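Pasting the structures in now, so scroll down.
Note that chain A is present in both complexes that follow, paired respectively with chain B and with chain C.
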Partner chain A sequence: MRRFLVAFLLVVVLTVAFSQKQTMVVYAYGSEMITLDPSTEFSNSIIVLNNVYETLTRYVDGKLEPLLATEWSANEDGTVWTFKLRKNVKFHDGTELTSEAVKFSIERTIRLAGGPAYIWDSVKEIETPDPYTVVFKLKYPANIPLIASAGYGAFIFSPKVAQIGDDEAIANWFNAGNDAGTGPYTITKYDPKTQVVLRKFDGYWQGWTEGKFDIAVIQIVPDPSLRMQMVTSGKIHVTRELIYDDLKKLENNPDVHIAQKPSFQVLYLFFNTKKFPLSNPDFRAAVAYAIPYKEIIDHVLLGYGLQPSGIIPRGMFGYADHLPPLSQDLEKARQLLAKSNVDPKNVKLVLTYLQSNESEKKASELIWSSLKKLGIEVELRPMNWEQQWAWARSDPSKAQDMFIMYWWPTVMTPYDFLFSMFHTEEEVLFNLSYYYNEEVDKLMDEAVQVEGTNPKRAEQLYKMVETILRRDLPAVPLYQISDIYVVHKSVKGFTPNPAYPNVVFFYELESGS
Partner chain B sequence: MKNRLARLSLTIVSTFVLLALIAPWIVPYRDQALGEPNVAERLLPPSLKHPFGTDHMGRDILSRMIYGARTSLFTAVSVVFLSALIGVPIGIAAGYAGGFLDNVLMRFTDVFLSFPPLLLALLIASTLGKGLFNAILALVITWWPWYARLVRSQALSIKSLAYVEAARAAGVSHFVIMFKHILPGCVAPLAVQCTMDMGSAILEAAALSFLGLGVQPPAPDWGLMISEGKAYFLNYWWVPTFPGVFMLLLVMAFNLLGDVFRELVDPRLRRRMLI
Partner chain C sequence: MNFLRYTVSRLFWSIFVILGVVFVVFLVSNVIPSDPAALWVGPKATHSAIQAAREKLKLDRPILVRFGHFLKDLLRFDLGTSIRTHRPVIEDIRKALTATFELLLVAECIAIGLGIPLGVLAAVKRNRWFDNLSRIFAVAGVSLPSFWYGMILQLLFFKWLGVLPLSDRIDTFVSLIYPFEEKTGFYLIDTLLARNYVAFFDVIKHLILPAITLAAYPVGLITRQVRSMMVEVLQENYIRTAFAYAIPERKIYFGYALKNAIAPAMVTVALSFAYTLVGAFLVELIFNWPGLGRYAANAILSMDYPAVVGVTIVASVCYVFINFVVDLIQAKIDPRIRF
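And then the complex of A and B:
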């Protein structure tokens, strides 16, 4: 029945589109939408929100570009940031963008303290000296322009929503499929499990030119093989997360082109530093040098990825270009193993990975096989996320020995990676190596404070952290995946922006024929 | 006709048993069968070198399937044997004693019968952890009641036969009567049940592995191979197909064999067969 409904709706949309000579672009995405509240959404629905709402700045290829803000500046120690807003920007409800709207939006996000709200932790108060100036006063120095570019929790929405009622009433109104953004598109139909239809907002401040799409549809298609068929036949125009073997085949297909960039998503292997034998630094190093990094990239990702030299992904500032990437060296691994005085016969390492993730599974099997060459037995345990995370967060001396996990940032700063995974924690959250090092804590805490005002110094500090992490090896990066989209030839202008995971900015697309 | 089927199914079953027994000596790629990746030869179609192709980690599917036969047969035999081991004594005791004890034992059996096997397996996997032994445990817990019921009904009818009455009159102990006089009478239907159940046990164990609750990767198992191969089915059909065909063959052979046994055991059917 549902399938019939979907088909029916698609037909309706198509007929509507064609009868009015409107152009339409369809993006097929694998997972369902979750919520639509721009203050709290911390999951898949940002692929909708980033087309409907805008942020003060946008992160493009390592640099910040103005969006709703045209310029910004800081005081000397980076505790007061002043943003000048763009004029003549209208929300979808007709209200004009003013500093009050910015203050209202960000204060609501902070007040609701939902998923991504922590990015604003440094903000003490927001002032609005005039309608086009916003001043952020901070508790401690932070890089507010970067934070304001986040793909989650940094959206600006119309203060008119306050008329709807309390915060909960507003959230319900959003989740029913309404929006109050300044973005190029507005939601016309929202069915979180099957389809979201966006229509262009005529009053968009950047204007509309010939070739841009009137209607943008996000179609939920969970099966990757089906997505591939749909994009090659032109039924849909953009998609992602195809099976790598299928991608290889598409490379020679003239009907589609593959757009890719290194993403900021990195797969890490964590070692349990609080449990024998991986508590032994030499043993840990032996394991780190036994892992077949190149083989993993070649055969798990079929080359669609790279190996970062440190924890911070390549393409982000602070990248550890002063270190060579780790590589497999079984001779060195054997020496380290001998030096560690751990008899591999007496140990069995448990490695957990996400059951549903094919890449994690393959990588785990390659690790299993290469450690066998050292005589170390590994037991692979595929688990679901809640289970493996709960286990890792229990008593470290009884937890798994190795843990595989992807990390991707909310704010495009090295601190997002280093703090989450290697900063001392009172309660275990994502520091799944249980690595506690005061020096590392201090270096990264200083780095993030000077990031906005003294990026050179921040970069230096981040690199120092990377050097220590390389020495101690609490975790190793296995690979950084490429952000890959398959685009039908009828659509032009697409470039992936990995800072906004899974997001297709429909406004940038143009029909090619 | 029946005879030919009997011979065919017996041949299939014994071939699989033989393959499973001598697997370590005959498989062409022993390391790969046990999980060693060979990434240079991923997803190769069937050829002389790899008669059934290779899987997503480049492992020879034929070798893994032969090893998988070991897992499947081991699981099936253990499930059936352990179920019978629990079910038969309970069934005989209930049928022979009758009355209150019969009632208690049978209600106890009913409790276990009411567990849905897959849900119970999920529960066991989440509390005791996943793995082949826990999968076997889950199956045994839900399967033994069938044996208890079967044997009880046999015991009920046998215990009123003259030779059992005579033994009781002669003062033979209950224990001896149960196991020397009644049990042999239950063997024939038990054999039928066991043979039929072998096929179902293979299927259920594969289902558990398919769901990720049974055998854990990279160990070879048919259910697991099908589960891993399903993502590749559209473009690399051989990855899940051959393990599926193997499983189909073996399960079908066991079922046919069970049918043949039943006809041998049931005198009315036997007469028809002899004609």
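And then the complex of A and C:
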């Protein structure tokens, strides 16, 4: 009898233990978290925030999908946008999602004016005619549904946080590891330097099915070699930013699979159009045709990237598919050089790049060696970012001749690229070619205004800008890197979404075994 | 001069050294070409945001005024705010320091526990195979780079044997299922206080490899030091006398001889603490140990100057403090040091 009782108890204990067994997925990430305020965070922590908060829309493979909003429409000129909200959505604190919450969230983001707040620049006022309708009234036409999908600064949070105190008190509350989102996960442990633990939110509006993970952990592991060892052994399940040589080795490893998509991050080479000799359009073209684009992708990225044909990255609306990508043509380069009447013996070009970035260094070296073939001397200067940027923003006639820089968008629009790097600026910020062309300004300004209401027209206008930029060559794209994740075989369902850099949407993952 | 006055004078000079370090580090970190205001606001910033940050960080003031502010804050143990993480530097360092100290203390225990007996035995078995073998180990420990055998240990014990964890202070799953409150920051103590033995043993398992890796250098150092001291002492007349009295060997070696040999070795032990603190920088990176080394490396790479200054000050205070203690020990045990 006693033996039976013991056995019975054992069975009960084991059943309880197994039924409470929690599934966990771990994502190893290389950098520390910064802040957790959904209004101002403009850095690494969006990998947490995008799992905890949600936006009105989500950008997936070039299209907008409904998320907290189910449908949206605009008036004729795109200055008034009306969003219908999803019903029965609860914040983690139990409050229901209403138009007031949307108004409260976006207004706080605009008011704090931190990091990504500028994306809402067009918004004049937000109205809430009923609990499930939000109306954005704009100062000028803008594509609000796209802006609302941004991975930074577009999160909707519970208006209940207002009870905590003023904006700073709320920010402190967020940064202490609290959240007020509608997302599938909620923060349970926050140690910005080592680990963030997320637990599933039972009341999540999309519900939970078997196989989805109860616990999602973001583990901070700065060393890429260690991250590789951890993912091959299954100690962690997803990671990224491994060394390219290591990725090649992992391609044949049966324990992991490599998920990749073109990212929206592009490396550009800017030419100083306000300083001799690159102020000479023929000389600029000669340099552009001397660059070994294919070799750069093969040697620097080991093939994990592509060359976009224009400034706008491939995969984004407005992509310049009407232009062939630039390619190295030394014969043409020599002809252009002769036509420019610039004697290469008399010039020395200074090229600055980010010293801590191995890829920029290698790319610069390849540019150096191929320009040597034309007899053009290049001096490579590795610098830290603040330093090289400050130099570029000083007097253009004394600044560096060439500048290498990555750009990635905050809002998934070509305008983010074109405006930042090629629009006329009163004071130099990111137009580091110092390229001022009224026609280009006008075309892109019109494009962004009709983007939401007349996308066909916008696309046409963006392509016209690309054509002019190809003719004038103020800058050239060197490569568009691939967004690469290494995923352990025990996890299924992962697809990268490069519109949300570094973000792993844990809700999409399922346990594979 | 008596011992107290000697102590006070050493203390005075130690503080002077720290002040010097603070000034130099502050100066250097302020003249390196970088723009902290641009760093503060992040990569895609507007002019007005950078200007606002410059005013907020008081970067528009003259450097001496800023140094004055810095010293004033320092007296209140305030090391400023990190440019990168926007968190108080002192808080980050406090957490990182306990992680490093836990690793350091365990490594030192291993170093002393292994180094002293090894040194004694090597001296006793002088020029025999045991001595030669221990010499090989000691020299290897001192001269081989720690990151190399750290990785070898990982390969052996994690990948091939699968008995010890690869990295981190505690297993993620264990810490979630058996959580404990971080009262002291020393996981060994915290888990014991919480009577959380599962977590305690997991913490031990995670400590083994990094601690052994970190201990290799001081083990070599202490072994060689103890051996050479012992060799000297064993040739003394009173040891021969002790042998003549047929006192048990173990008592002679560990009781009589070691007592006299250990005093100079104590200095090496204390100094090895300081060396090991530096060694921890690399070991922490390999084992993903969230300590001071990892923090410093991150701070340097991202030009986070308040964090760099903070780490340097804390590390130099530790160094100076250890040296101060060593001076005192030496003065106490070595009568040749004049006050």
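Worth a mention:
Quick note on the criterion: the second predicted complex is superposed on the first by the 493 of 513 C-alpha atoms of A that agree within 3 Å, B and C clash if a C-alpha of one lies under 4 Å from a C-alpha of the other, contacts with A are read in each partner's own complex, and residues count from 1 in each chain.
In this section, contacts are C-beta pairs under 8 Å (C-beta built on N, C-alpha and C of every residue); 3 or more make two chains touch, one makes a residue touch a chain.
Everything numeric in this text was worked out from a predicted model, so none of it was measured.
Contacts of A:D167 after superposition on the shared chain: neither chain B nor chain C is touched.
After overlaying the two complexes on the shared chain, residue contacts for A:P222 are found with chain C alone; chain B is out of touch. Look at A:E459: by the touch rule set out above, it reaches neither chain B nor chain C. With both complexes superposed, C is the one of chain B and chain C in contact with more chain A residues.
Applying the stated contact rule after C-alpha superposition, one finds that A:V26 touches chain C and leaves chain B untouched. Shared-chain residue A:E295: touches chain B; no touch with chain C.
Look at A:E446: by the touch rule set out above, it reaches neither chain B nor chain C.
In the superposed pair of complexes, A:E100 makes contact with neither chain B nor chain C.
Comparing the two interfaces of chain A, the one with chain B and the one with chain C have residues 387 in common.
Interface of chain A with chain B (complex): residues 224-225, 243, 245-246, 249, 295, 298-299, 355, 358, 361-362, 365-366, 368-369, 372, 379-382, 387. Note for the complex: chain C touches chain A at residues 33-36, 38-39, 41-44, 46-47, 84-87, 92, 95-96, 154, 158-159, 166-169, 172-173, 176-177, 285-286, 288, 290, 294-295, 297-298, 301, 303. Note for the complex: chain B touches chain A at residues 35-37, 39, 42-43, 56-58, 126, 130, 212, 216-218, 231-232, 234-236. Chain contact summary for the complex, chain A toward chain C: residues 22, 24, 26, 32, 34-35, 42-43, 115, 118, 189, 192-195, 197, 215, 217, 219-223, 226, 229-230, 233, 235, 356, 383-387, 389-390, 410, 420, 427, 429-430.
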